[in-house]
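Here's a structure for you.
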Amino acid sequence: MFGLNQKDKSTLIVVAALTLLAPFILNPFPEGSALAQFNAGYPDLMQRFVIFGIFAIGFNILFGLTGYLSFGHAAFLGVGSYSAVWMFKLVGMNVLPAITLSVIVAGLFALLIGFVSLRRSGIYFSILTLAFAQMSFNLAYSVLTPITNGETGLQLTLNDPRVLGQSATADGSIPVTNLLPGLEMRSTYVLDAGPWLFQFNLGYYLCALLLLVAFYVSIRIFRSPFGMMLRAVKSNQQRMNYTGLNTRPYTLAAFVISGMYAGLAGGLMASMDPLAGAERMQWTASGEVVLMTILGGAGTLIGPVLGAGFIKYFENIFSKINDNVLHGWFAILPDGIEDFLVFVVHPFIGKGWHLTLGILFMLVVIYLPGGLVEGGQRIGKYFKRGSDDAQSNDASTKPAE
Amino acid sequence: MGILEVKNVGKRFGGLQALGNVNLSVAENSVHAIIGPNGAGKSTLLNCFVGKLIPDTGSVMFDGQSVLGRKPFEINQMGISRVFQTPEIFGDLSVMENMMIPCFAKRDGAFEMNALSSVSSQRDIHEKAEQMLVDMNMADKRHMNAASLSRGDKRRLEIGMCLSQDPRLLLLDEPTAGMARADTNNTIDLLKQIKEERDITIAIIEHDMHVVFSLAERITVLAQGTPLVEDTPDNIKGHPKVREAYLGETAAA
Amino acid sequence: MDAILLQILNGLDKGSAYALIALGLTLIFGTLGVVNFAHGALFMIGAFCAVTVQRIFNISFETIDPSQKDFLGNPLKVKTTYLEHWFGPEMGGSIIDWSVPLAILFAIPVMVAVGFIMERGLIKHFYKRPHADQILVTFGLAIVLQEIIKYFYGANPIPTGAPEVFRGSFDFGVLIGFDPNAIIYPYWRLVYFGFAALIISSVFAFLQFTTFGMVVRAGMADRETVGLLGININKRFTIMFGIAAAVAGLAGVMYAPINSPNYHMGMDFLVLSFVVVVVGGMGSLPGAVLAGFLLGVLESFASMNEIKSILPGIDQIIIYVVAIIILLTRPRGLMGRKGVMEE
Amino acid sequence: MSNSNFTRRGALKAGALAGAGLSLPTLLRADGGYMNAPTGSSVTLGFNVPQTGPYADEGADELRAFELAVEHLNGGGDGGMMNTFSSKELTGNGILGKKVEYVTGDTQTKSDAARASAKSMIEKDGAVMISGGSSSGVAVAVQGLCQEAGIIFMAGLTHSNDTTGKDKKANGFRHFFNGYMSAAALAPVLKNLYGTDRNAYHLTADYTWGWTQEESIAAATEAMGWNTVNKVRTPLAATDFSSYIAPVLNSGADVLVLNHYGGNMVNSLTNAVQFGLRDKMVNGKNFEIVVPLYSRLMAKGAGANVKGIHGSTNWHWSLQDDASKAFVKSFGTKYGFPPSQAAHTCYVQTLLYADAAQRAGTFNPCGIVEALEGFEFDGLGNGPTLYRADDHQCFKDVLVVRGKENPTSEFDLLEVVEVTPRAQVEYAPDHPMFAGGALGSCNPGA
């Protein structure tokens, strides 16, 4: 099936199951319970998980395979978003042409930047990509405001032409993004199962489907001769050259592919929420995808997706816990202990979510040199040691070979 | 007319004349050694053949075509493969994958966007690489990480990788440097075997006289960037100039 | 002409901050081979040393003054610092006034200690790890350090003044025959420039003229060989880390009066200092210093109205434009060596 | 089972597992006919403030004010400004008898993050109103989101003309003043202080808020006879402004206008004072610096450098009207220091929302919009105030303040120089600086 071997097939099936059932998996705690705070199964965050997953998968094709560390990948995501929003402004609210355009524009932008930056390697390459992305960000924030709407971010207005759609709906609102007329990205089916509430959002499923496609393509690339060449580039460029292989088009192709993945992620972000902010292109955003990939496990298939989920979870869930919530959790304890626990936990939640994330970065990289994937492997081994068949590692977590 | 024709090649590095006026002809299907003391310009000369350096003067023709100004990968595609002094292999990849990459380069050229087919579906490449592993006596190591091979195996692998491209000219840069005697002898045997079994021209740069005299059909002696003499091994052994400039020096050292 | 001179002055001053930070970054990179994303945080901690000293000097006791009311209408608590109480307003006041220069004495041991702890406790374990891991762990550390500072000092900038005598500015233009007010320059920035020059030359002298420095330079050139010589390079690395931390910290202390310190000032400088180091060439100390001053001066020129009117927004991107041009024309930056961090 | 256009949570508890699927998103069954209609005994408000990044302290102060407002709405504390508010609908019994609960989030002062946080409040927590924020970019972005989602947005600190100008939205309301009002309030004061023959040099943060303020101030000062020498844009990311400040003295200007906020303002003002600008005489006049938008937290960051420098502010704790005193008292008693203007506007916005819901008898955004449009009120610290129907901007007196020469405490940094009456800062809804957008119609999200 799909031209994959057994191991990759099962990885793909696991990922498919996880993404398609995410509304259940991410909402394990009943509504109203103290732990409901940790539920992540609402459309916006689920969309973010998969969108950043796509971004990180693409980044990993470049960094994980060729070892070229781009510090400016957010620029492609930003360019993708701007293209999509302009599509919504000028043409219409259908997401498919917008996403297509995002991918194409990001690919072209990546071709341009890659062509120049790949003349250098190592940290010199990283700084070149960083410089291009920061230039894009700074200009988008200021001089290019007519195109990007600067600080506020490019957004839809009631005066947009939308030649294939309508400028405003009958009741005077801005129309919403859709897949087909009537199939709106935001439509959500809510399943009420006792104390649980599960949300199935059309936009999320579009993202999830594209994630699966993106993931599948990434597996194919990893297992292809092209992927092998990219790993060879990382391993020994000298030998590549003396084996009659031109490394430049290989790295450039990888760069453009990963730029297109970033463009896809940017286009999806704009399709879920039609606004494109310049901060998407800032170095911190580029740094974030680097962190996601390393944190999850660079060069592994599934690591980047895990890393993306990890960081987005902390950003969105931990930042929303406040003292009030803490008091709610610990309310059953005696007052003194309650206050003490709130005092101890307080620095790590709400406005302290950065601190928690920083500590976790350090812990992961110190104790799990291969990223979260290695954590998974260790747990897997631990269980396998218990059972009789001490076989090879879990397919989904094994670095590409 | 040899397969590799070097005419009047000169190269300066700043104030240093690395190569004076080198003329050299390597005959097809021969084993030609270039020897000389340290700093004689052997490596500089080799680098001029493979595109790493461009000489200031002169010409380097391979099979009637100039190699000058071409990039290393283009020269390799013309049919010249190079073995390095310290084995250059893909350390992060398996032995099998190491062997497959030159096969791809031979079949698909310098760049092929073969991104969606699977490596395992490339039958022809698999067969060719497998055959070469058997030839190199490394089939049992096919799943090992190349970086974990012994020095001798790395050398063997590198030579195998070069051969799997069916090159017309194989360049060897001190292939036994830093090797133990047993490994050196194995390498000599391997090269002899290659010479017997294939239609191939071998140019070898060597320091070790034992290696040179057991393999070479012709020898060029290089000293201070210019060829001193070119002759058969037997004649070279007895040549007074060589004894003085080169063998005498090694004897003294 | 005066405008150009003025911007050169500005540029040298900006450049001295860049150069100081980049110098420490290169020292750590060159000797230890570690990409330290927490280096900006060290600069920030230095600035907060100045804040801390100022706070310590301002520790006060309260007396209630019933004649004045506070914002809630209660009698006002008047604060008097112990220093002024002990030494009298005159002497005590001037000690407080000089808190930033005095903070240097405080910052050196603190920064060296921070450097030692960082190196021994964390960085040491990452020498052999890939650069990507080093980036992740030091980035995590930078976040942790800045969040700790934020927890204790808040997110708002904290004004930290220079001593009274160094406030105000000096009219250079008059000295060299321009109109008054054509080239004025703040005293404290001149102090900063001189201070930076002093630190930079001390570091160079230290590396040039001491045995310790010789070994370190040898280690920067070829780490393995030095290791083979049986020299205990580890201990020296720890000391180098301490020195680099102290250089960053001192740059921060003296920077505090120029811009009020805040907890994320390190991140603001981080990207820039990496650009400076790379433009200078990885592993080259003179390169880092040269690039620091070069980028500082060019940045100042780019912010001139005459140039902005031709190229709008150029001041936003000048650093990056210069970085791209230099890296494309000089593959290893201004003075980089071959083979360092090219893989 | 139910179906909604924008997800709703907590609210949708209708019959399970029957009826339409994904393909019928327009067939809605929202209880009460609007987004996140509260069904239980409580109602949830979303407070979205910067908790990380440079504005974290301002965000923390906003959050304190929100907590205080919720406490007062639920009948706790001393009631604060509920006692002085001209509308007496609020009784300390929650809103419409429902207990007020709240969720918090971090905007990070980034449009994307702010929208993500607001969306999670709407989708996960069922918030009916979002408030807070400390920059105009974020306010405009979140306001747009709330309009699409059918939620009310009560803006926090946002000073750009655009928030209620070209980016105004029917579901969004701003109590805070704006660039135009700052200019209108400052100009007469500057005229009195510095005369009509002045040459102004603008340094402006290079993004939309900076531009609108620069435009407003330049227009107002030029109208009274000042000459604008130059307008220089500075990068938002700039930390050292020396290369922008240095040429000012030699440009013939005798007034420097700093259209900066937050860290930019602290640094540019500190740099300007370092360069000794304030000690200089140019054109025979004392050189002056003006900071059109002031806040106490910024003044604190700039320290002694603010002394004697004029600017405007939305509100200040030293005001002596009953409402301000009541608010300062309850805030100060709870937290130990006086509130900032950001805290004040957030507190007021929460009360205004609650009161509007109470008067409308519903949380339906369209009901709220109707109740707030054209609403005249008093007793919230700014004198008689109007929420104008045309653009959802509050019109009220504006304070002109000056950095205090002899502060008695670390909070006592600004003194009110003049309270510019509301009539003087009003403008027509179609004023060119505010043109280009449309409110649209209220969106109940259903």
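Letters are used for the chains, namely A, B, C and D, taken in the order the chains are written, and counting of residues starts over at 1 for each.
We take it that contacts are C-beta pairs under 8 Å (C-beta built on N, C-alpha and C of every residue); 3 or more make two chains touch, one makes a residue touch a chain.
Computed from a predicted model, the values in this text were never measured in an experiment.
The minimum number of touch steps separating chain B from chain C is 2. Following the contact convention of this document, C is the list of chains adjacent to both chain A and chain D.
Farthest chain from chain C (centres taken as the mean of C-alpha atoms): B.
Taking the mean of the C-alpha atoms as each chain's centre, chain C and chain D sit 35 Å apart. Centre-to-centre separation of chain A and chain B, using mean CA positions: 47 Å. The centroid of the Cα atoms in chain B and the matching centroid in chain D are 74 Å apart.
Residues of chain D in contact with two or more other chains: 56, 60, 206, 233, 235, 237. The residues of chain C that reach two or more other chains are 313, 316, listed in rising order. Not a single residue in chain B touches at least two other chains.
Applying the touch definition to all chain combinations yields A-B, A-C, A-D, C-D. Of all the residues in chain A, the ones that touch chain B in their complex are 3-5, 217, 220-221, 223-229, 231-232, 234-236, 238-247, 249-250, 253, 257, 401. Every residue of chain A that touches chain C in the complex is listed here, in rising order: 63, 67, 69, 116, 119-124, 127-128, 130-132, 134-135, 138-139, 141-143, 283, 287, 290-291, 294-295, 298, 347, 352, 354-355, 357-362, 364-366, 369. Looking at the complex, you find that chain B touches chain A at residues 50, 71-74, 76-77, 81-82, 84, 88-94, 97, 100-102, 104-106, 108-122, 125, 161, 165.
Only residues 31, 39, 42-45, 48, 138, 141-143, 145, 149-153, 155-159, 168, 171-174, 176, 182-184, 186-193, 197, 199-202, 273, 275, 277, 279-280, 315-316, 319-320, 322, 324, 350-351, 353-354 of chain A touch chain D when the two sit together in their complex. Within the complex, the chain D residues that touch chain C are 53-57, 60, 206, 230, 232-235, 237, 239-240, 242-244, 246-247, 249-250, 263, 266-267, 270-271, 274-276, 279-280, 282, 297, 300-305, 317-318, 328-329, 332-333, 337-338, 408-409, 411-412.
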